[in-house]
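Read through the structure below, which is laid out as structure tokens, and then see the notes.
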Amino acid sequence: MTGQEGGAPRKWESTARVEAISDGLFAVALTLLVLDIKVPHAVGPGAALSRQIWALLPHLGLYAASFLVVGFYWVAHTLVFGTIERSDRWLLWINLLYLLPVAFLPFATQLLAEYPQHRSATMFYGADVFLVGLMQFALWVYAVRGRRLIPAEAEPGPLRAGTRRLALMPLSSLAGVFLALLSPPLSLAVFVLTPLVYIVTGKPHGVAGRKLPRPRG
Amino acid sequence: MTGQEGGAPRKWESTARVEAISDGLFAVALTLLVLDIKVPHAVGPGAALSRQIWALLPHLGLYAASFLVVGFYWVAHTLVFGTIERSDRWLLWINLLYLLPVAFLPFATQLLAEYPQHRSATMFYGADVFLVGLMQFALWVYAVRGRRLIPAEAEPGPLRAGTRRLALMPLSSLAGVFLALLSPPLSLAVFVLTPLVYIVTGKPHGVAGRKLPRPRG
Amino acid sequence: MTGQEGGAPRKWESTARVEAISDGLFAVALTLLVLDIKVPHAVGPGAALSRQIWALLPHLGLYAASFLVVGFYWVAHTLVFGTIERSDRWLLWINLLYLLPVAFLPFATQLLAEYPQHRSATMFYGADVFLVGLMQFALWVYAVRGRRLIPAEAEPGPLRAGTRRLALMPLSSLAGVFLALLSPPLSLAVFVLTPLVYIVTGKPHGVAGRKLPRPRG
Amino acid sequence: MTGQEGGAPRKWESTARVEAISDGLFAVALTLLVLDIKVPHAVGPGAALSRQIWALLPHLGLYAASFLVVGFYWVAHTLVFGTIERSDRWLLWINLLYLLPVAFLPFATQLLAEYPQHRSATMFYGADVFLVGLMQFALWVYAVRGRRLIPAEAEPGPLRAGTRRLALMPLSSLAGVFLALLSPPLSLAVFVLTPLVYIVTGKPHGVAGRKLPRPRG
């Protein structure tokens, strides 16, 4: 299982800590997204506050959408590491290069929230999402190639399907970045719809060719 | 146990990462709640500072109460996942939709702390708590229905009890939201009392019909 | 081991999530402590910045000391949960009531850093530390009493020693709070020295009467 | 394996919580680095925003570099704890003294980002990085000496190599601090290049003399 002759995996081969720092960073990034929303100040009577809260709603919607985009990458990371069963030093580094643009997502979202109609804000956001997708793809390819860090018995069909699906993510973000030159709102739609398409059409890449039987209930 | 014929659970079926990101997000949210409290500035002699700290106390009380409300949902999440023993992609997404309103709770609390007498602040807080309760209920129903993600041998009695108890949470929050139209303070009391009632009357849903014998001491 | 007849511990009895949320909250609190330090602004030539950084040093020292006080409680929490091997709903709640004053420590530290000479800032800090120590003591007593959540075979001697040592923490903080009425600096010394005394004189409460043999090297 | 006669490791000997709080603190520190970047305000037409974003790029580059420096220490921590298999109270404390300068890194980075040309900002950053490296070295020496907390069967060759490599880190940072007296940019180059050299030339210290065979693929 671990490439050793019958031995248990060594502690430093475990993926526990890569997954732990990733979960931690995602948790902080997801909460910080919302931290940027400021409570309205200098409010008069109750009606004024309620009007201000209503005025915040599109803003809140954008943060909720960004939360789901970040959440989507977390889900994908989970599925990728559902297949990866060992770690090595290079995987740690590829994962850090993946977490770097993830850590920039709250900033990119804030930029977008403040300048939703500006092309350059959309492009910055898209470029960041593109880097996340690209490094995610790199994580997968590095781990899967030659079955370096995945179970030796994994079947090739689902692995190839996973590769194709993960390649789609950065390609579609890249298209979104260029689309921003024509129309920022259309570009935003691409960033939000890509995950949706991925989710609806997807099967977990974790399944190595066998379908998990539904528990008898 | 895992729906496979005698095999160990696969890595991507584990609930470890859903629980990890939830614990991380709750930990950040709980700490950010308190981060909003500002140190009083421009203080003269010692007596003035002590007066200002006393003046902060109701404020601190509100944050402490909100800490316990958020903490209550964490405890409930723990109990729900004490029964759930496998994960799948949809569970990850339902859990993200549950974490989204949790991440908004620090903002909602700050809004409430700044405008405790305003109806719309109370309603916003209540609506957020309602969404948390609703998604918690959805998590439970999704996992339990047809014993999808729980042990096949779970007894139906305690599961039904858990369903009833978890349905109470969003219903009572919804009542609290409408109550805010009549009286914001009464509405706040509902948000704080619901968890209390739940705690005092509750048994862990984790217990699948059997009582855990007290360790002999 | 778990109070069940030969069975493995059930998932909802595990202490994994109480420990996870505690580690997460401590990690955020420790980092937020430092977040309060502001970069000096409006600086002229290089010499001026270096003078400003030197001027920050006592400030940084206070944050470092507070980091170690918070860290001390984390170490103590680790040792307490090194003995506790099962969780239940009440333990989750006692632990939340323990985390509440921990989450207030960055605020209390910031207050102290801004008003180091003010009695009320010292008392606020001390009262918060007292609550942390008190709830820590409650955690221990709840788990140990009747060997509720600890191994049945734990020897009474070390448990009693642990109880005595953990009782010392809140008592000494309480003394520090009252000492602040006479002398804030003396009071601060108590808050810092208590952990030190505890550390230097201590044995882990985890050891149930047997000493761990040093690995042969 | 654990220094006990055939017994399983006791819970309080586990390294799980030291690793958890470290991963948590690193995750928060990595995200806070980026949090310091402020969205440009008071922007006119789209072209102006895009110019401001371009102007931010060197700034973003500095944060990315700092992210990788912090990430480097996280990777090194992972490798050190890949060898350490037991914990004790002193290890917890040495690790806290290691996390203390890690928690200061966002502040040091912000200082550097605001005053990149100032010698004292570079020295402060370097001194902080030096302390991180020094405590990392202390962690390793404490655990390895007499095989205190590592497997008894670890071979001496790779351990000595690990000691030499980990000693290099604080020495090179110290050199960087003094170099800042001559040239701040040269000094910065040392802080960034040391990790790079370490990474490219390195083998995991986790490997106790045996090479892990590549899984057959």
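Note that the chains take the letters A, B, C and D in the order they are written out, and that residue 1 is the start of every chain.
Here, contacts are C-beta pairs under 8 Å (C-beta built on N, C-alpha and C of every residue); 3 or more make two chains touch, one makes a residue touch a chain.
Here the structure is a predicted model, which is why all the values come from computation and not from measurement.
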| item | value |
| --- | --- |
| Touching both chain B and chain D (chains) | A, C |
| Type of chain B:chain C copy interface by residue overlap (half), same or different | different |
| Identity of the chain that, by mean CA position, is farthest from chain D | B |
| Fitted rotation between chain C and its twin chain D in degrees, CA, nearest 5 | 90 |
| Centroid spacing, where centroids are CA-atom means, of chain A and chain D in whole angstrom | 25 |
| Whole-Å gap between the CA centroids of chain A and chain C | 35 |
| Multi-partner residues of chain A (each touching 2 or more other chains) | 20, 23-24, 27-28, 32 |
| Sites on chain B touched by chain C in the complex | 19-20, 23-24, 26-28, 30-31, 33-35, 37, 39, 41, 43, 46, 49-50, 53, 60, 64, 67-68, 71, 74-75, 78-79, 81-83, 85, 199, 202, 204, 206-207, 212-217 |
| Interfacial residue positions of chain C with respect to chain B in the complex | 2-5, 10-13, 16-18, 20-21, 23-25, 27-29, 32, 86, 88-89, 92-93, 96, 99-100, 103-104, 106-107, 110-111, 114-115, 118-121, 124, 146-149, 152 |
